[in-house]
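Read through the structure below, which is laid out as C-alpha cells, and then see the notes.
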C-alpha cells in the first residue's frame, strides 16, 4: 500500500535543480513552480527543511496567486463522481478516507456543501483526507463551513501543509523528516499465567456511521505482539475504532466456562501522528486496557 | 414482568389440602395429580421441601406413566406456530427465550429437530427455556439430539425440576426457596477521581446469531450502581451479552479528547442461577472489568 | 473497644431535664452547664439537633467565657506526663492517637509547642485526637502554631464540635446522628479464577515516623471480605496506612513460582468520616487496587 | 560495575591457541588445562560452542579428576573469613550475593554447613552465587545438604556450567552467547492522563531476612521508563524485591489529597536469566501492576 520513497535526501541533494524539480513537481497540487523555486535552494539539511522551503515559496505569493492555487485543489467527491482532473494523489487520498463508500444521502450532502462552501469562501473545501475517516471529514466539513473567511483560508493552507508533508515523505526519505505518520499497536498479556499470549486473532474495525468496516487483522506472536503494527507508515485517521481480540480459542478447555470470548475494545483517536498503543491484559475473568506508550 | 408470588409458605401451610392442590395444580405441566399428592404431605418446612415432595411423587411413578407425563410437554415452537394446547406458563417461558423471534431457517430447523427427537426418544425435547437464550437453546438441542435415550430421559426430568422450581417460586414465597434466580449487576468507578461515576447510561444487549437485542437499560446512581440489578428475579439465560456504558457525555469537555466513549463489555454467562457482578473501573484513557462478587 | 451508646434518643427525650443533663454532663470538657442549657430544649428530633443545641449554647457566650472554656481543655501530653486533671475521655482520646508512644524528642517538642502556643494564643492547642495519627497531630500542630489568633480560635471551636460529636454518639444512639465515624474495608478477588479469595490473612499497619504499627488483622471469608470492616465505629485517623495481604499460602503449589507473596498496599487517608474501600484484584502475576465505594 | 568483554569472538578465533588459552585460563576455577584443551578446537561458531568445548573437556575426565576439580572450588565464606586462596572471580561473586553481610549467626551456620557438606559429599558446596541473594543461597544450601551424593555431584557440575558461562561472557563477546543475563525493567503510565509519567523516583530494594537493602535507583524519563534497565548485564538473583515508586511529588497539588504517595511493589523472582518487566499503571486513586514482556 505504502510505496517506499523513491530517493534519499542525500541523493536528492546531489541532483541538478531541474531533476529535483521533476521529482517534487506534484507535491503541491497543480503547482510545479513550488518545486522549481525550492530546488534552487538545495541542498537541504533535513526533509523538513526541504518542506519548509516549499511552504516558504507559497508564503511569499500575493493574495490572488494563493487564491488561484487554492482553487486548483479538487472538491471532495463521493462515489461515481470521479473527475478526470483529479490527480492520482488526490484520488488515492480521498479513496483512503472512504469517500467512495459514502451513502447516497451523504454524497448529496457533500455535493451541496461543496457548492455552498465555494460560494461562501471562493475556493474549495481542502482537508488532508489521509488524517480522517469518512465520518470525521463530514464532521469537520459541518464545522468549518460556518467558519469566518480569514480563518478558513489559514486552515486550508495548514491542511495543504499536512497534505504536502505526507506526499513529500513518500518521495524523499531521510533525516529530520516531518512527523507525518502515526502508529497503532497492541500487546496481549495473559496475567493469569504471567506470559505473553500468542496465537490470538486480532481484527481492527473502523466504526462508521451505520456500521463497522474491517481495516486490518493479525495474529499475536510469541511476545504477544503483532509482527508489524496494525497501522504504521501513514496517519491514523481520526475516528472511532474497535479492536476485536478473539480470546475464545485461547481460553477454551477451561472449566467453568470463561466469561470472555471475543473482547471488543472501542476507542476514539484524535491525534493522527501519535502512537496509540492499546494493550490488553486479561485472564479468563477480567481484563484491563489502556493507552500505553 | 415478574409477578409477585400469590401466597406465603405459611399461608399455604394453613390451607386445606384441596386448596393447596388448586394453588399448585399447574406447576407440573398437565399433571395436577402431582399437586394433589404433595398437598397430602403439608405442612412444609421450606419451599424446597414442598418442591421435593412434588418431585418425589413423580420419582415413584412407573416408567410408562413418566413417559406419558413427558409426552404431555409441548414442543418448542417457532413464530407463527403457537398451538392452542400450549399452557400459559409454557407460552410465556418460550417467548421469554426469544423463540418467537427465530429466523425462518431456524424455525424450520427447530421443527425438523422436534420431529426427529420425538421419533428417536419417544417424547418431546424438554428444556427450561427461562435459563436459555434462543441461541443456547438451539446449541443444547443440537447437542442433546445425539444423546443416548437413558441420559436424555434423566436430562428431561432434570429440566422439569428446574422448570417447576421456577414456577413454584412464582406462586409460593418463603424460607428455604430453591435457588432458581440469578442476578446481573454492575458498578461504575471513576478511578481518575476516586469516586463512583453517576449519571452514566448503561444498556444491556443479548448477542444473538445475526445481531444484538436490547434487553434493559439503566442510569448509574450516586454510588455508581443501578438502583435495581440489571437482571434479578429470574435466571440469567445462558448466552453472550454486551453491556454498553456510555461514557462519552461523562468524559466530555476534557482535553485532549478522551480515548473512550461508548465502552462495550462482552461476556458469556453459563450459570443461570449465579450472581454476575461486572464492574467497570475507568479513566478517560483506560478501563478494567472483571467478574466481581 | 467502642462502648455501645447508653441511651436511645427516644429514651433521652422521655427523661426529665435534670436526668438529660446528667447523661450529657461530660460531653463538653469541664462544662456541664452546656448540658443543662441544652436539656431545657428537649425533646430533639435528631441526635444532630441535640448536638446543635449544645453548640448553640456556647455560641451565645461572651468572649471571655469562651476563653475560659477553651482553657479548661487539657494540653496534649506525651508519655509519662499523664496529669491528674485529664478527664477519662481526653485520656482515652489522646492514647488512641498514640501520643503515649511519642519518642522522647517528639515529646519534648510537643511540650515546647504547648508552652509556646498557650503564650501566643492564650489557650491550649485543641484538636480532635481521634481523627488523627500521632504524625498528623504533630503536622497539624506544626502548621497551626503559626496561624493567626482569630483563625485559631475558630479552629479550636470547630475541633471541639468534632470532639463533642464523637462523645455524643457514644452516649446517644438514634436517627440523624452526626456523621462522626469512618470505615475501612477491603475485598479480595482472584481474577485468574473469577472467584472471591477466601482464607487470606490481612494485616493493617499505620506507618508512623520511624516504623510501622500493627493496627488490626483479619482473614478473608468466602466472599473475599472480612466479616467486619477493618475500621468502623470511629473516625479513620489521618495517616499513611499499609494493608498487607498474605497471598503466599493461597498461591503456593503453582508452577512456575508466582511473582507475588505478601502484597503491601500503602495509602494515605485524609477524610476521617469517609468510607475507604480498598479492594485487591489479583492473579499470581498481577494485581489492581483502587479506592472503591 | 560490569566490565566490557575484552575480546570479540572473531578476535579470539584469529588468535594462536596459546593466546586463547591465556585469555580463558581462569574461567574454570584453578583449571587452566580446560582452556588449553578448548583452544585446540578453535575457531568457534558461537560463544556457546566455545563454552560447550570447555564443558566437554571436563565431561571426558575420569571420576577422580572431576572430584579434585570440584575440590579446587572455595567454600562460601561469611564476613571476616576472606581467604588468601579465593580467586578474584570467586571473591567478587560471593560479595555480589551479599555473603559479606551475613549476620554472625548466619555466618556460623554457613561455616557449620560447609564442614558438614564436605564431610558428607567429599567436595565443597558449589553454587553460582551471582544467581542468588544471600537468603536464597542459604535456602538452597538448606535443601541441597540433604540431597543424595550422585544428584549433588551433578548439581555441582550444573552450577559450574552457570558460573563459567557468566565468566565467559565477561571475557568474550559475540554471536550465540549463552543466555546468562536477566533483566529487570519498569514503566510508569499515568492512566488518568493517558501519558507516560516522567520524573518519578524509583528505588529497588532486595528484601533480606531482617530488613531491606537498597540495590539501585533511577528516575523515570519522558517515556515513563528508566534510561537503562534497573538490572541488566547480570543474572537477577533469586529473591524477594521491592520496587518503590515515589508518586507523592508527581501527584501533589491535587484536591482532595490523593490516596497514593510511595507505592511499594513487592515480588519474588525465580528465573535469574529471564526478563522481568514490572510496569505500574496508576491514577491518584488506583494502580495496576503485572509481569509484562
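When the chains are written out, they are named A, B, C and D in that same order, and each has its own residue count from 1.
The definition used in the following text is that contacts are C-beta pairs under 8 Å (C-beta built on N, C-alpha and C of every residue); 3 or more make two chains touch, one makes a residue touch a chain.
Just so you know, these numbers come straight off a predicted model, no measurement behind them.
The two sequence copies chain A and chain B touch through a face in which the numbers common to both exceed half of the numbers used overall. Set side by side, the interfaces C-D and B-C show unequal numbers of C-beta pairs in contact, with more at C-D.
Inter-chain centre distance (chain B to chain C, centres taken as mean C-alpha positions): 48 Å. Across the assembly, chain D contributes 191, 194, 258-259, 281, 285-286, 288, 290-291 as residues in contact with two or more other chains.
Listing the residues of chain C that touch chain A in their complex gives 191-194, 258-259, 281, 283-286, 288. Within the complex formed with chain A, the residues of chain B that make contact are 240, 256-264, 266-271, 285-291.
Against chain A, the residues of chain D that register as touching in their complex are 187, 189, 191, 194-196, 223-224, 281, 288, 290-293.
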